[in-house]
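Below is one structure, written out as structure tokens, with a few remarks after it.
Order of writing sets the chain letters: A, B, C and D. Residues in each chain are counted from 1.
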Amino acid sequence: MTRLHVPVALRWSDLDAYQHVNNVEMFRLLEDARITAFWRHAEAEVDEEGLGPWPTAVLDTGPHATSHTLVARQEIEYLRPLGFSRTPVRVEMWIGHLGGASLEVCYEVHDGWAHGTARTGPTSGGEPYARAATTIVVVDAATSAPRRITATERAAWEPYVEEPLAFRRRGR
Amino acid sequence: MTRLHVPVALRWSDLDAYQHVNNVEMFRLLEDARITAFWRHAEAEVDEEGLGPWPTAVLDTGPHATSHTLVARQEIEYLRPLGFSRTPVRVEMWIGHLGGASLEVCYEVHDGWAHGTARTGPTSGGEPYARAATTIVVVDAATSAPRRITATERAAWEPYVEEPLAFRRRGR
Amino acid sequence: MTRLHVPVALRWSDLDAYQHVNNVEMFRLLEDARITAFWRHAEAEVDEEGLGPWPTAVLDTGPHATSHTLVARQEIEYLRPLGFSRTPVRVEMWIGHLGGASLEVCYEVHDGWAHGTARTGPTSGGEPYARAATTIVVVDAATSAPRRITATERAAWEPYVEEPLAFRRRGR
Amino acid sequence: MTRLHVPVALRWSDLDAYQHVNNVEMFRLLEDARITAFWRHAEAEVDEEGLGPWPTAVLDTGPHATSHTLVARQEIEYLRPLGFSRTPVRVEMWIGHLGGASLEVCYEVHDGWAHGTARTGPTSGGEPYARAATTIVVVDAATSAPRRITATERAAWEPYVEEPLAFRRRGR
């Protein structure tokens, strides 16, 4: 069971009046992790740590991309408040469902990113601050109609498919 | 079946590169509607339309409030893209569950706010752009422990309790 | 001396821990007013008040626009804290300098937008919350090189040229 | 001539439709650098690099702080577009003016933060993406009236006083 491990740095402006990361900004952190891990970014191939691109970063991006993505649904459980730290949070991601034209990205938000952490591996464990899932539809950029996930994309993503998150607080 | 009808103005910065409201900013719009309708704001009692406060605005706010709220979970379905308009969106809200120390706020995001729209009433109908729910826990500001919803709060909120949203895309 | 009068609605998330509009968000309000008044937006021609487009809204926009704009400099003085109100702020704008390929937009941020306020007219007076200026360069979208302001643009903008802001706090 | 060197990580959401850091978000980066370097944050003392607090981080923060700060003015020149990189930008800061109750923080935004860079030192040179200045007033939290910069604050900040920025594009 292999996850993607993506560092996302916090900002002071993420905090609310109680010095916790605001509930909306938490989705911003997830968006940042997701774009980092799934989109191909020429300008980002060389990074501070010299680790190269994420293995799942195969979606074309930029103004000339022939595909783009839509978010169809999102769900999040906030398990405990996340305060500020200069150390980036570690967003662990996997794919809970890989469909014909869509995928469900699952996330756990942990603290304590360590410089040099490998990009993929098992969960580092610990109770997350939040658990979330996003359903993404891949669409044709010209028509905005859903398009099939390609063989290349499927091959890049399949190693990260595991059980989807079971949200605990959904039922009352 | 009475809902709260809250106008929220869009901003150009809400749009993504495809000229649609970004999926994270949609949560910002919901947050704005929720704070407007549930928090008491002395400075906001007099508004442009002269309609006075929302009937559900009974939570104390500001640096001296004895209570505050935590968001425990959120869920959203994006049904179709929301483009820019100078006319505010109309966020229709109701309470899907009123518990001992928590409540679930349900939302539908519609377009076409009309100046002078009443603050409460039945849904105006039409297919929404997004449907969402937020579970909020009321906590004691000093201890951060959940506290019971007061009789005053319950009386203000009960008229807006109806069936919770049934999310369509949850199961695969 | 004719100014543009643009309403911009506040959001709760604009506020900092002291319940004042955050200094960065103030630039977001100015950006919103500037885009509203200078860019042409098909989708925005019909608005809640039925007043139609701003007379200065002649810059093409969207993914197929042949021009776009760069911000070259900005300056702002915050004169007194701006708190929250449900009533939009009124951003009064004029052009402090109309050059060959650039213009300087000047702003005053006032409170108390009244429904139905005319889009152009003299200042409504009063001490503003903030005074600011932005230098904008019009560039060719394909080459990113500055391009001449067209005769149509110049004709639309010249009625709003007046003395640039004299910032009071610049010198020490 | 010693400057503070503060890393600030970019986010994808900082980019506009042209894949450049949005002009408003640039102020957010400056705010983040300034809070990091001037405010004392217990929770941030231990960071990923183990370098400890910035030497200038002597302003109290949090809900019980007896002082806070107001931004009185800001000015920025955008010299060239800043694109996305996974490597944090390096915000070089110094104090252009240290008054009785206020200070002017000057900034240059550079790219290419290197892991382990010292917190203080001479400029690393190179043409910045942007140059900016912010005037900050220290105020009493209870009264909001300006208060004198203390001897401790002055001692911490004086080593970083140098000539203020001379903005090139100010005069026309």
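By definition in this document, a residue touches a chain if its C-beta (ideal position, glycine included) is under 8 Å from a C-beta of that chain, and two chains touch if they have at least 3 such contacts.
The structure displayed is predicted, hence computed values, not measured ones.
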item	value
Relative to chain A, chain with the most remote C-alpha centre	C
Chain pair showing more contacts of the two, A-C and A-D	A-D
Distance between the centres, which are taken as Cα means, of chain D and chain A, whole angstrom	30
Distance between the centres, which are taken as Cα means, of chain C and chain A, whole angstrom	36
Interface hub residues of chain D, defined as touching at least two other chains	13, 17-18, 24, 28, 31, 63
Sites on chain A touched by chain D in the complex	8-9, 11-13, 17-19, 28, 31-32, 35-36, 41, 43-44, 46-49, 62-63, 83-88, 113-115
Chain D-touching residues of chain B, taken from the complex the two chains share	13, 17, 22, 24, 63
Chain C-facing residues of chain D, complex	17-18, 23-24, 27-28, 31, 63, 68, 70-78, 81, 97, 99, 104, 135, 167, 169-170, 172
